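You will see subunit A twice below: alongside subunit B first, and alongside subunit C after that.
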Partner chain A sequence: MILTLLDELLLFSGVTLLVALTIGRGLAAGWMVTILYGGQLLALTKMAALGYEGGTIASSLSFEVMGQMLNWRFDALSWFFALITLGSALLSSWFSCGAWERDYIKQGGNIWLFHTAMALNVFTMLILLASGDLLSLFIGWELVSWAGFLLMALAGGVATKAAMRYITYAMAGGMAVFGGLALVYSASGSLQLEAVITAVEQISTTKLWLLVILFGGGFGIKMGLLPFHLWQAPAYAETPGPGSAFLGAISSRMGLFAILLVLVKLFGIVNIDNLKVPFTLIDARDLLAWLAVLTIILPTFTAMKQNDARHLLAWHGIGQGGYMLLGIVVADAMGGAGGLLHVFNHATYQAALFMAVTAVIYRTGTSDLNKLGGLVVRMPLSFMVLLIGIIGLAGLPPMNGFVSKWLVYRSLLNQGMPLLFLAAVIGTLGTILSVYKLIHNIFLGQLRVEHEHVAEAPWSMMIPMLILSAIIFITGLMPGIPLEWIASVLQTVGLPVPQYTLGGVESNSGSLDMIWVIGVLFAGFGIGAVIFYSAGRSKRVHQLDNYAGGHFLSADVRYQYSDNFYAGLMHLIGGWYRGSFLWLERSITSMIEFLSLGMQGLYRRANAEFYLLSTALFVIAWAVI
Partner chain B sequence: MSSIKQIPVVETKRTNPLARVFDDLVRFCRSRSLFILHYCTGCGAIELPPAMTSRFDMERLGIQPMVSPRQADILLITGYVSIKTLKRVILTYEQMGSPKYVIGICSCTVNGGMYWQSYATAKKLDEYMPVDLYIAGCMPRPEAVITGLQQLMDRIHSGQANSWEDYYRNYDYYLGNQQKLFGENWQTPTDVITEAKHYDLLSEGTLGDHTRLLEQHQKPLEALDMRLGHELKEPRK
Partner chain C sequence: MNAYLVLTIALPLLGAFLLPILMRSSIAIALWSGPAILIYGCWTIADIWLQGSTQPISIAIGGFAPPLGINLYIDSLALLFAFAVQLLGLIFWPFTLDQDSARRQSLMLLLVAASTGLALSGDLFNLYVFYELAAVATFGLASASGSSAAYVATLRYLILSGIGSVLTLFGIALIYSKTGTLNLAHLAQLAPAQLNDELGLTAFLSILIGIGVKAELFPVNTWVPEIYATASTRLSAFLAGLLSKLALLIILRLLLLIFHQPEAAQVLLILGILGVVSGELAAWRAKELRRMLAFSSIGQLGVMFIAMALPDGAGVLAVLALAIHHLIIKSGLFMLAEDWGGAIQRLRGSAKMAPLGAALFVLFSLSLVGMPPLPGFWAKFTLITELAGQSEPLYLIGLAVFLLATVIEASYLFRVAAILYQDAPRETLDHEIPKNEGLSLVTATLFGAGLIAAAVMIAPVGDSLNTIAVQVQDIDLYISTVNPGGSQ
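Here is the complex of A and B:
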């Protein structure tokens, strides 16, 4: 048997998991696993033809279960997501080696379990991405869910609680997907992708509606789509630092991958567009678009109220997922490209942001936004990384987040969807406000006395952060690099492909060339720099030699206002934070508790012999008849 | 002490023929872009809103309010300064970047005005910091304020408004008056002597008995420099 490239990759990934399992206790294990991730990435680049030209590479592993062929293969879509997965795994694992690892062990963490959980996550994600039919997709889906649970539950305490909440949601999602599978099977008699595509054409509208709801809901849970978003922020935030960087970068995008595969590729956006909601003017596609937009706005504005840096970032992870889905649902050339590009961009800056915050936690011991401040003079490089990351997250030039958001906005305008556009812009406004809060409360303002002797993060953490910052900037300058892969992805899932250049996209309704945009921007900076440096020497003053309305400042006076940061805005919109989704979740929980209490009462009251007898009688009756 | 008159005029020989033109251009630009610090002390402050807003509109002269002393050019002392306020005024004045100009508005800044008998007010402002211009009156109307500002602009353009140099040249005198009022322990965060050296304005009046007294009990603030060090430093004593 000859191993295909995909077999090599999956074997490599399995070996990584084995290495982490067997020798994961030593300190060198982290480095070894990191090198193996690098090897996996190398194996993936051998398949680069998928990303540039399309096509598929099948695995030689396939078998038949109950008349269903199970097979695994990679195409451009899988390759693109696998690239992000392995890239973020490599850098997160690199980040975790050395200084962070020693600190984690000192604080009582189990580093073996951490490396194993990471390797397991990567392995299961690759299996999911390689799925060649709906049954293998379901198997991969369940594997990814449980692997994620392992990583999230690592920290214990609050984290376990959050992970339990996640797995409850994930199981519900898994059941929905399974229900969908049963429906598909009954309609087409097969779970092969080609059979599904032909079956969808003849399926009744009601059934298609049911399928869209089941699959959309099931996959939507993983990507934190409203109203199933509540689990995600605490689960990701409480994971140990590099783990949250990895999860935040890619984990919930698995839901988007599945949506792309099933809803877009198999069902087709056109078919979803034809599903009208009775007695209204909207259809299933509008519904998805509005859900996406609500997913942008509500979690983003929830992020603004967070007082913990990790939670703030994790809430943004949910919100940014909305942009990706929105772009894909709009489904024109620019929207699809924007949505997919945002997957890549979000992974880069979200990982960088989580790493920068973890570096701050490593040095100061806290991520509480009310207990930090002024760290720019002590951790200037981490500040730079966080700054680059938040510019990307807020979608401003010159970083990569701008390009993908620009494409999504442009597609909304081109397709005549001004209300969705407005809603997306409101979401961006919330993003800008909250990332300003993030950088201000950690790095700007007054340095606290207890942080007087804090040093910059160690190089083992700094280098992955700097690599990510470089990627954020370079793909912002030359979005043509990822757009080339995205073009093949769009072709694979059957969406129109935009005309891209190295610096952006060409279009009759307005092109974007980031090389020009950034050139002009930096020319402006250059003029500013010439004025600044030609104006003579500047003087650095002490932070206590500051103007506070004429007051003499001393170190015990806090003049950094971080608590209740947007008091004025909250005065206007504070009343809209009602916690409706929390209320919904709680009411469902208590309803299930009430029902189970009723069931308990039923089987506890009567004696066991009666049940045994009646069951036996029932079985005999069923066998006879 | 009217030390403003005693500033020795030093004619520096400029070799570059364009230097005069360039200096004139710089002074012109400087006089057309003035930022007033929002630090209002007494009742004269009430005359500033009409001077700023649409009726008299000082922005047509290029004069705007500014919220921080680091970016401001003009410190307006708009009325009596109590001793407590004077400490803040001096702190703020020293935080301003040179060249900086001080305008005393109202009679109180000239000679104490109606608070002449008060134990809690500083009577002559120019004993504590060099004043470029007084606008007398109780209180001067916005027209007078605007006229005063225009005169300051003319003085800046003609190169006469350089009393800020006097604070560096005769720092010992001003510090002595401040110490007389606030006590021996008086100090501000700004290191005026180093700044005097920076502007090349160190003269025999800069250092003296009072600066020596200051040095005896001065606790200097250490500048927080950007640090790339990767080792944890020992805590300082």
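Here is the complex of A and C:
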């Protein structure tokens, strides 16, 4: 049997898992696993033709079980997502080696379980990405769900609670997909992709609606799509540092991958566009678009209220997922490209941000935004990484997040969807406000006394962060690099492809060339620098060798406020936070609780014979009449 | 050669009656004779299996040809279950040395004999006799733990089971009064003409509710949580794992051979859905592992009833796959529960003390909620594809209920798993944390290994189950094999 390139990759990934399982307790285990992730990435680059030219590479692995063919293959879509998966796995794992790992063990963490869970996540994600039919897609989907559960739960305590909540949501999503799968099977008689594409053409509108709801909802749960978003932020935030960087970067994007494969590629965006919501002017596609926009706005503003840096970032992760879906649902050349580009960009800055926050936790022991401040003088490189990350997250030039958001905005304007555009801009506003809170409360203002002797993060953590920062900037400067892969992806899923250049996109309705944008921006910075340095030498003083408002400052006087940040804004919009989804979730739980109580009561009753006789009487009467 | 198969019923029966007497003369012989009988039974059945004859056979007892005489009907399905009975009888054998165990061992042999009879019998009368025999044996075994809670539970079970038997007998009497025969093959011949009316339906429903007591059919399953929580776990494992499946098997045979009325399927479907809803919801709040498993077992049996309700035998494969899967899982889970009795909250920290037990619990739970590629997934997959193909809306409701119940099931099972992996409360001493060890852990490991083996060899396992399902659906084969009335 000749191994194909895909076989090699999957084998490599399996070996990584095995290595983590067997020698995960050893000292060099982290480095070993990291090197193996590098090897997987190399194996993936051997398949780079997929990303540049398209086509498919099949795995020689295939089964027939109970009359179902199972097969696995890679195309441009899988390759693009696998690239992000392996890239973030490599860097997160690198970040976890050395200093962080020792600290984790010292605090009683099980490092073997951590490495194993990471390797398992990567392996299962690759299996999911390689799925060649709907059944293997479902198998991969469930594997990824449970692997994610392991990674989220392993920290114990609060993390396990969050993971339990996650798994209930994930099971609900999985079962929705399972039901959808059964319906597709009954319509097409097969779960092979080609058969499904032909069957979709003949399917009735009601059934297609049902399928869109089942698949969209099922996959949407993994993405944290509203109203199924509550689980995500706590689950990701409470995972051990590098784990949350990895999960935040890629995990929920698996939902987007599945949506691209099933809703866009198999069902076709046109078919979804034809599904009208009765008695209204909107259709299923508008519905998805509005859900995406709500997913942008609500979690972003929830993020603003968080006082834990990790939770703040995780809530943003949900919101940013909305931009991706929005772009893809708009489905023109710009929107599709923007949505997919945002997948890549989000992975880079989100991983960098989580790592920077983890570095701060490593040094100070807290991620509470009210207990930090002024760290810029102690951890300047981490500050730089966080700054680059939040510029990317907020979608401002010169970082990569700007390009993808610009593309999505542009497509909304081009397609004449001003309301969606407005809503997306409100979301961005919330992002800017809350990321300012993040950087201000950690790095700016007054350094606390207890952090007087804090040092910069160790190099084992710094290098992956710097690499990510470099990627964020370079792909912001030259978005043409990822856009080339994205063009193949768009072609694979049947969406229009934009005209791209190294610096951005060209189009009649407005082009973007980041090389020019950044050139102008840096020219401005240059002028500023000239003015700054021509003003003569400045004198640095200790922060307490200073005065404010006519008083000398001492360590016990706080002149930076972080508690109740944005008090004025909250005064205005505070009333809008109703916690409605939380209320909904709780009411469903209590309803099940109540029903459960009733059912237990049913079984606890002593007069069982009564049930038997009455049932017998009832059914016999029913039969005779 | 095949006539030796009769011995798999006769020997345990003989043993059951001789054991108390043997015990008085030599404890050693008495101790070993039970397992020896069961090993012989396993070997006999395995031998037939290995001969490779897949054709069903009928053995007339006492030289009288059916329909006058009674017969055993042996096809792949019957063999499979007979083998399971002997094997599980061996696995759950009460290996204790005290005087009290003599009674328990002979009751166990009686239970095995009756259960094997249930799997192999070819006529309704014998089925009824064996059914009663099995019931008597379980009453004795359930109350053997001696606690007053066990007595109360057993009494309740006894009353319910007794009324169930009367109902079954009533149904059988109806059939006999109409057709004048109780041989299944003969009935299968006569049914389309004579039993396809309200009388036939009434007969079926009476038998269904009567036998449903053992098959944990809603709402005649109220004995289940109490018995499983108070009887010995080995017995609970045997009851939940096997005896419920045998009752299910009888109903399946009757449904396929005799009762083709759509109303029959409809009742099964509704009761199945109610069983799933009530069982899984009740399990969600259970504070005790064994009770939780009992409720979950009710839910799972409900799923099998839903599968059985599929028209034209479309669900036979799903029923078989679900039944065998559940047999393995629940037996394993009950074995784990043996040392994990009491409140679930007490189990905190168990994973550290018994890592293998906790890992097995996770494995069984994953398969039970149907995570691919474990066998539970394939069983559920066969069911939902069949359900989704039905046009009747009630089946789609069944599908939706089944999927929602799975979510609830995952939620409560993994709540337990999370507790197992939590750190123990600080003031707890190591020896206070329940850990599973010894025979029960070995047994559970055995079931876990079986599960993993099935997952690896899922393709051949699926194919052979499919062959069995096809054979079971072939009514003409059943009739021609037994050939009632000789050269008719």
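The rule is short, and it goes like this: the second predicted complex is superposed on the first by the 602 of 625 C-alpha atoms of A that agree within 3 Å, B and C clash if a C-alpha of one lies under 4 Å from a C-alpha of the other, contacts with A are read in each partner's own complex, and residues count from 1 in each chain.
In this text, a residue touches a chain if its C-beta (ideal position, glycine included) is under 8 Å from a C-beta of that chain, and two chains touch if they have at least 3 such contacts.
Note that the structure is predicted; figures quoted are calculated from it, not measured.
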Quick one: classify A:L447 as touching subunit B (first), subunit C (second), both or neither.
first
Should A:V377 be classified as contacting the first partner (subunit B), the second (subunit C), both, or neither?
first
So, A:P458: does it touch subunit B (first), subunit C (second), both, or neither?
first
Go through the superposed model and pick first if A:W31 touches only subunit B, second if only subunit C, both, or neither.
neither
Does subunit B (first) or subunit C (second) touch A:F552, or do both, or does neither?
first
So, A:H542: does it touch subunit B (first), subunit C (second), both, or neither?
first
See if subunit A has more residues touched by subunit B or by subunit C, and give me that chain.
C
Taking the superposition as given, does A:S596 touch the first partner, subunit B, the second, subunit C, both, or neither?
second
Provide the residue numbers of subunit A that touch subunit B in the complex, in ascending order.
377-378, 380-381, 447, 452-453, 455-456, 458-459, 537, 539-545, 547, 549-552
So in the complex, the part of subunit B that touches subunit A is made up of which residues?
39, 68-70, 85, 87-89, 91-92, 95, 189-190, 198, 221-233, 235
Within the complex, which stretch of subunit A touches subunit C?
63-66, 68, 135, 138-139, 142-143, 146, 149, 153, 156, 160, 163-164, 167-168, 171-172, 175-176, 178-179, 181-183, 185-186, 592-593, 595-600, 602-606, 608-609, 611-613, 615-616, 619-620, 622-624
If you look only at subunit C, which of its residues touch subunit A in the complex?
156, 159-160, 163-164, 167, 198, 201-202, 205-206, 209, 213, 219-225, 263, 267, 277-279, 281-282, 284-286, 295, 366, 369-373, 377-378, 380-382, 384-385, 387-389, 399-400, 403-404, 406-408, 410-411, 414-415, 418, 421-423, 458-459, 462-463, 466
